[in-house]
Amino acid sequence: QDIKIGIILGFTGPLESITPAMAAGAELAVAEVNAAGTLLDGQTVSTVRADSTCIDASAATAAAERLVTSEGVQALMGADCSGVTTAILQNVARPNGIVMVSPSATSPALSTAEDDGLFFRTAPSDARQGVVMTEILRDRGINTVAVTYTNNDYGKGLADSFAAAFTEAGGTVTINAAHEDGKADYSAEVGALASAGGEVLVVAGYVDQGGRGIIQAALDTGAFDTFVLPDGMVGEALVANIGDGLNGSFGQYPGTDSEGASIFAEMAAEAGFDGTSAFAAESYDAAALILLAMQASGSTDPAVFKDHIMSVANGPGEEIMPGDLARAIEILKEGGEVDYVGATAVDLIGPGESAGNYREIEIRDGVIETVGFR
Amino acid sequence: MDLLNALVVLTNFVIVPATAYGAQLALGALGVTLIFGILRFSNFAHGDTMAFGTMIAILVTWGLQALGVSLGPLPTALLALPVAIAVTALLLLSTDRIVYRFYRKVRAAPVILVMVSLGVMFVMNALVRFGIGVNEYRFDDGARFVIDARGFREMTGLAEGLAIRTTQVITVIAAVIIVAALFWFLKNTRTGKSMRAFSDNEDLALLSGINPERVVAVTWVITAALATTAGVLYGLDKSFKAFTYFQLLLPIFASAIVGGLGNPLGAIAGGFIIAYSEITVTYAFKRFLTYILPDTLAPEGLVQLLSTDYKFAVSFTILIIVLLFKPTGLFKGQQS
Amino acid sequence: MSVNLRNLGLFALVALLFLLTGITQSWNVTLTIFNMGLISAILALGVNMQWGFAGLFNIGIMGFVALGGLAAVLISMPPVHEAWAAGGLQVILGLVLGAMTIAAAVLFWKRMPQGRMRGLGIVVILVGGFFLFRAVFDPGVSAIEAVNPAATGYLGGLGLPILLSWPAGGLLAAGVAWLIGKTALGLRSDYLAIATLGIAEIIIAMLKNEDWLSRGVKNVVGLPRPVPFEVDLQRSEGFVTRVTGWGLDPVAASGIAVKLAYAGLFIVVLLVLVWLAEMALRSPWGRMMRAIRDNEVAAAAMGKDVTRRHLQIFILGCAVCGIAGAMMTTLDGQLTPGTYQPLRFTFLIWVMVIVGGSGNNWGAVLGGFLIWWLWVMVEPIGLWLIGAVTAGMADGALRTHLLDSAAHMRLLTMGVVLLLVLRFSPRGLIPEK
Amino acid sequence: MSFLIGENMTGGYGPVDILHGCTLAVEKGQIAVIVGPNGAGKSTAMKAVFGMLKLRGGAVRLDGEDITALSPQDRVAKGMAFVPQTQNIFTSMTVEENLEMGAFLRRDDIRPTMEQVYDLFPILREKRRQPAGELSGGQRQQVAVGRALMTQPKVLMLDEPTAGVSPIVMDELFDRIIEVARTGISILMVEQNARQALEIADMGYVLVQGANRYTDTGAALLADPEVRRTFLGG
Amino acid sequence: MIVVENLHKHFGGFHAVDGASLEIRKGSITGLIGPNGAGKTTLFNVIAGRLPATSGRVLMDGEDITGLPPHALFHKGLLRTFQIAHEFSSMTVRENLMMVPAGQLGETLWNTWFRRRAIAEEERALRRKADEVLEFLTISHLAEERASNISGGQKKLLELGRTMMVDAKIVFLDEVGAGVNRTLLNTIGDAIVRLNRERGYTFCVIEHDMDFIGRLCDPVICMAEGKVLAEGTVEEVKNDERVIEAYLGTGLKNKVVGGTA
């Protein structure tokens, strides 16, 4: 018997440039398990891709419906954007009792959504990151910031939670303005941000979307020199596309001092994609969690293995890095316990979402360097 | 000094970017307006034509860069431009042959052609993604700035900086030259006039001995040139990303229409109106006012009419107001 | 007669497509597509009323669909009392002030003689009113949005059954259409088009940014349903025993049952609307509309009030789109403002109308089903095509490249199919007469 | 052998034939006038001669050469010019540009011809910078004829050139047509101002339901009481 | 019936109608002639509400109707035809006629859904009426033809036919004769006279065919350069020096009768 996992991401639409790496991340985990060949006594795993379009709830629902009722997948790795993720969860996953692990849906609303215990996410909560970012800024002695966010639930949620935390801690947010992704020009936004002023600019956006456009325009006009980069903004692509101007900018993204991320990055490079691309690591972890939970429960029935995802992710047990999946399967098979750390140091809390450990980074001489952990 | 600083702030954050963006929109709008003016339909594939042309330019640029060719302070992509235009022209001509010609023959209504162009848009969309993928690419080289902010500050001793990019200058100059040339071409050359005649009354054009296929071919070639130039200049200034080019379509159409469809001058005016309204109405005047007002009056808030969330809404509102007073656009455009 | 046979054949063909999807994929997939097909058909019907009947080029459909969606939230979600207490009245007061400012400006414009004073006065009224509005409105908004922003942060709705939101969505859309029609309907063809497009963008911008109203981009999820939940069905003894008695899997059956329930509701709405539109079209009213579409000048000279009729049909068409919008949001179970993209909610609908055959209600309905089916199915078809193409290829860069780009086959397939359909029936599959 | 002849033409717009074996011919330097009731197929016949209609039967010959298969453009190149009954000007272009378009295929200096047209229709000189669409009905008609004259054709085909023009201009126009004919140009025209037209015609055709009813010299037709009563309004 | 007082219509700097004052008496068939571009059509357009006047007034039965929209004027019994035919091209010839009468039951949406029988009855009556008009215009065989597919002259007939569908008080005819066969034009002339005598229609007729004008009209008004040049009976106007010079001319200069061969 064959295990099927659906990978539902926005291969067309606004996120089309980061989804290929995400899918590749998930498929990397599957390939690793298949190479081991030991999952559930030698079952092979296959993946089916489907297009969530990121924005069109109806098309996403139809695509997910196809994966579940026609392709017969046992779990969904996805979706990417919170809007379509909710739609798929409510209209497809719950009715059919399918487990869903999203690598990138961060909307706080998902925490409280009814999910019959089927929904998990390896992306950290926006609220937590806001606090971490505040700490980093305070430690650097920064008191006034301007904030711009991509106008969707991710950006808005992050910007709001950050603004709340930062003000609480005594800082001043001079402006908290949205930008739309994929637009032609960001001069207006940068003009307003510059006028409001601030020591640094917090850009809660995506690395290859409006976020980059904003940074570029801000650098060009001399509006800001230093940028604070949350998870969606940290990526080689940013450094590659902007270059020296970014030196001195800093930020944070999920990660512990485990070497998981760098291992994953190497694995990805070997497999021919960019492992530092936004949410690629989360996607690897999402797929890995699904497979390990199956092994832990000894079943491919979602109703059964859904209850093992938390335990696999949180331990206790042996720590599992990317590339260690074969070993994890071995341990589980022998009745042992694992604590999946993975590429993003996943720790699932509460309703099954990433607890959020963060890696503080700074860009020096065009290189993203880790300067600490929070 | 403060007055100077205020002026520099305004120039740096409003005038320079709005002018450059306006010129970018105008170049795109010229292509849309030309197709509308001659072939009488709204071409939704224009954004993707721009993307296609730019893709070719990028590929050629990479080739040139690999060979070590460069234009000094100017971007190498300018060298690649003619090749890209030629390839795009070929694509458009074959699209016309395979797709559009049939509808001309059966005298399809303009709205059918609009839908057909939507189909072409999907195909080109896919072509570009197959060709170069969905990622963001930067292909500008040469000197990025004519004046940069830090340099300006050091030079003048002002607190505020002023930055003008090479690409912005090229875009504005190109827009002015191209619109003048196009205007002159349509008004004064035999081919230009025959193009207008064809758009006005196809049957009668035929009776005057005008070869419709030639007119159409010339139109597509010019469109290819306009689209590629616009796309490359835009990509040099910002970056290339297939999805963004598709998104550009909306402001481009707005520009073409507010200026008056079918009128090259209108396209230019429309581009600037859209750009300036997007940027000025949502501009926060705090910094500007802080410089020119005495300290006691310095504003607390941002002094922003509307938040930037509404910048698109603002430009459309202005567009609608213009249309209410000038129902066929500023420069009396055509109707289908 | 042969025309009718042909049309029946076309409908049969589309039905066959759905059946084949059911057989080769699954009935749940078919029904999912079918339900959205029904909504698409209603949307296409609305657009056809405006374009096919009256020649109004409205490409702001997206805005009216979104308004329908907003109605679904405003009608069905429970009210957030805390938010009302925090700033509800203040926001309402602000809105009233804003409306009064505009009313005052319009009155002033009409009453005052032409001249510099009039212009100046208008500016004073508008600017003064704007600042007054912001002064009252903004604090209210902040207060509301501060109430538990992660879960609510908005005023909520009326807590009524969601089915009521369908007519309400129609009314809301009609109201906005009236406002727009009053100002912009004087514009012709493409100029009207861009004006409506702009208005749609403005509506979406409001939905995205006015968090106090419907949570903006944070989305409103978990809308009540007019039909039972699948999970509840699966738990209900009666249901499970009955379907297992029929030899069906309860999980699949519950999905099918729920979708059929939706389909029933939608079909009723569609049939009623088609009947109304058909009757209107085949009567002197429809004749008058066609006359206006053909030649406004002559129609006016023949005593037809062109402006009023345009307004009428514009409002009706938009109302239909509003109804469909509310239905769609009901089906999705959530309002996601980011969803509203012109390509999907305006141009795709236009493709449906044109491919189906503008001016013909049945054509629009057919187009709605066919194009929606394609929109969903081009994805697997595209994947399948690329698989077929690359199957024979040797492993290599080209093959990897093609496989990597498989997702974009969706666009290519859509484009090619669209071009083919338009090529072989350029006046639409079921042309007007 | 006539200079231009459309012989035994049969055809129509759709499946139904409008023309049923209709024959029209004009000699070098002569004027042929077609009259007939509305909807008789006069305009259709003119279009057929000019190649704007697919013929199902018959042939068109110019100066002995069979041109049935040529496109309208090619016929223009062969020296034919045509003024259609409706939509016969470029409304968005100025009067002068309209005239220039008439001379599109000419490579020589067109100023003198343009002067001649302006002399013939002085009002056009006054309005030469105005878009033709803004002209009055009669003025448009003058532009249309002027455009055709600019071609300096060998054959000039006019579909109701005098519809809507004032008597004084109509007289001028007929004068000019006679002059043009005298320079060796053949003229084939449809007219409802039939009596005036037949007065100057060398040859007259009465067309009814797509077929020739009477064919004779202009004078003879004018003299025929039956023709006068049924087709020329008494 | 209609009084035009010092009417001006300017297009930019061009004065198409330049202070025209004239009266159309009740029950008359008034002819309006004048050189091309005299401003006749423009005058019609202003009276019929198609163009706004620059200045001046138009009175109908003593009531100021300047600036009323065309459809309101239609309801007051003022009808007009167009010099360049304005048919409803995608509708059949018969439908072109049937759509004319005002206040049809079936033009109200509510009725189209709930009073179908009454509408059907009304339609039958309209259809009969339309067929009568078609019969009269000798184009019955075209009843089912798309209006875009009929000949130029037939379109003019259709223009005229529309005014015959309702009981008008005053009808403005803009060159109905241009392009219409002269024999048929005579019949049309007879019909105009009959409508005038029997039903009391007032007519104002623009025409360049002086025979037609002479047979029908009294009085005749000649316009030139936007102003009224002369006014009176046909004979008076025909012999007016200024009219001859500006409009009528002295006939063919090169009177060479063809067909001598």
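Labels for the chains are A, B, C, D and E, by order of writing; each one numbers its residues from 1.
Operating definition for what follows: a residue touches a chain if its C-beta (ideal position, glycine included) is under 8 Å from a C-beta of that chain, and two chains touch if they have at least 3 such contacts.
Note that the structure is predicted; figures quoted are calculated from it, not measured.
Undergrad: How many steps does it take, at the fewest, to get from chain B to chain E if each step moves to a chain that touches the one before?
TA: 2
Undergrad: Which neighbours do chain D and chain E have in common?
TA: Chains touching both chain D and chain E: none.
Undergrad: Name the chain whose C-alpha centroid is most distant from the C-alpha centroid of chain D.
TA: It is A.
Undergrad: Looking at B-D and A-C, which pair shares more C-beta contacts?
TA: The comparison resolves to A-C.
Undergrad: From the C-alpha centre of chain B to that of chain C, how far is it in Å?
TA: That gives a centre separation of 30 Å.
Undergrad: Distance between chain A and chain E based on Cα centroids, please, to the nearest Å.
TA: 74
Undergrad: In whole angstrom, how far does the Cα centroid of chain C sit from the Cα centroid of chain E?
TA: So the centre of chain C lies 46 Å away from the centre of chain E.
Undergrad: Measuring from the mean C-alpha position of chain A to the mean C-alpha position of chain B, what distance in angstrom results?
TA: Here chain A and chain B have centroids separated by 35 Å.
Undergrad: What are the residues of chain B that contact at least two other chains?
TA: 129, 307, 309, 312
Undergrad: At which residue positions does chain C touch at least two other chains?
TA: Chain C, residues with two or more chain partners: 208-209, 408, 411.
Undergrad: Enumerate the residues of chain A that touch no fewer than two other chains.
TA: Those would be 16, 20, 151, 178.
Undergrad: Which chains are in touch, pair by pair?
TA: Pairs flagged as touching, ordered by label: A-B, A-C, B-C, B-D, C-E, D-E.
Undergrad: Can you list the chain B residues touching chain A in their complex?
TA: 9, 12-14, 17-18, 21, 24-25, 129, 134-136, 138, 144-145, 148-150, 153, 161, 163, 165, 234, 238-239, 241, 243-244, 247-248, 251, 275, 278-279, 282-288, 302, 304, 307-309, 311-312
Undergrad: So in the complex, the part of chain C that touches chain B is made up of which residues?
TA: Where chain C meets chain B, its residues are 51, 57, 183-184, 186-191, 193-195, 197-199, 201-202, 205-206, 208-209, 342, 347, 350-351, 354-355, 358, 401-402, 405, 408-409, 411-412, 414-416, 418-419, 422-423, 426-427.
Undergrad: Which residues of chain C touch chain E in their complex?
TA: 276, 279-280, 283-288, 290-291, 293-295, 297-306, 312, 432
Undergrad: For a test of understanding, state which residues of chain A touch chain C in their complex under the given definition.
TA: So the residues of chain A touching chain C come out as 11-12, 16, 20, 49-51, 55-59, 61-63, 65-66, 68-70, 81-84, 86-87, 90-91, 94-97, 107-109, 111-114, 116, 127, 151-153, 155-157, 160, 178.
Undergrad: Going by the contact rule set out above, which residues of chain D touch chain E in the complex?
TA: Listed in rising order, the residues are 13, 30-31, 36-39, 42-44, 85-86, 123, 134-139, 141-142, 160, 163-172, 174-175, 178-179, 192-196, 199-204, 217-220, 229-234.
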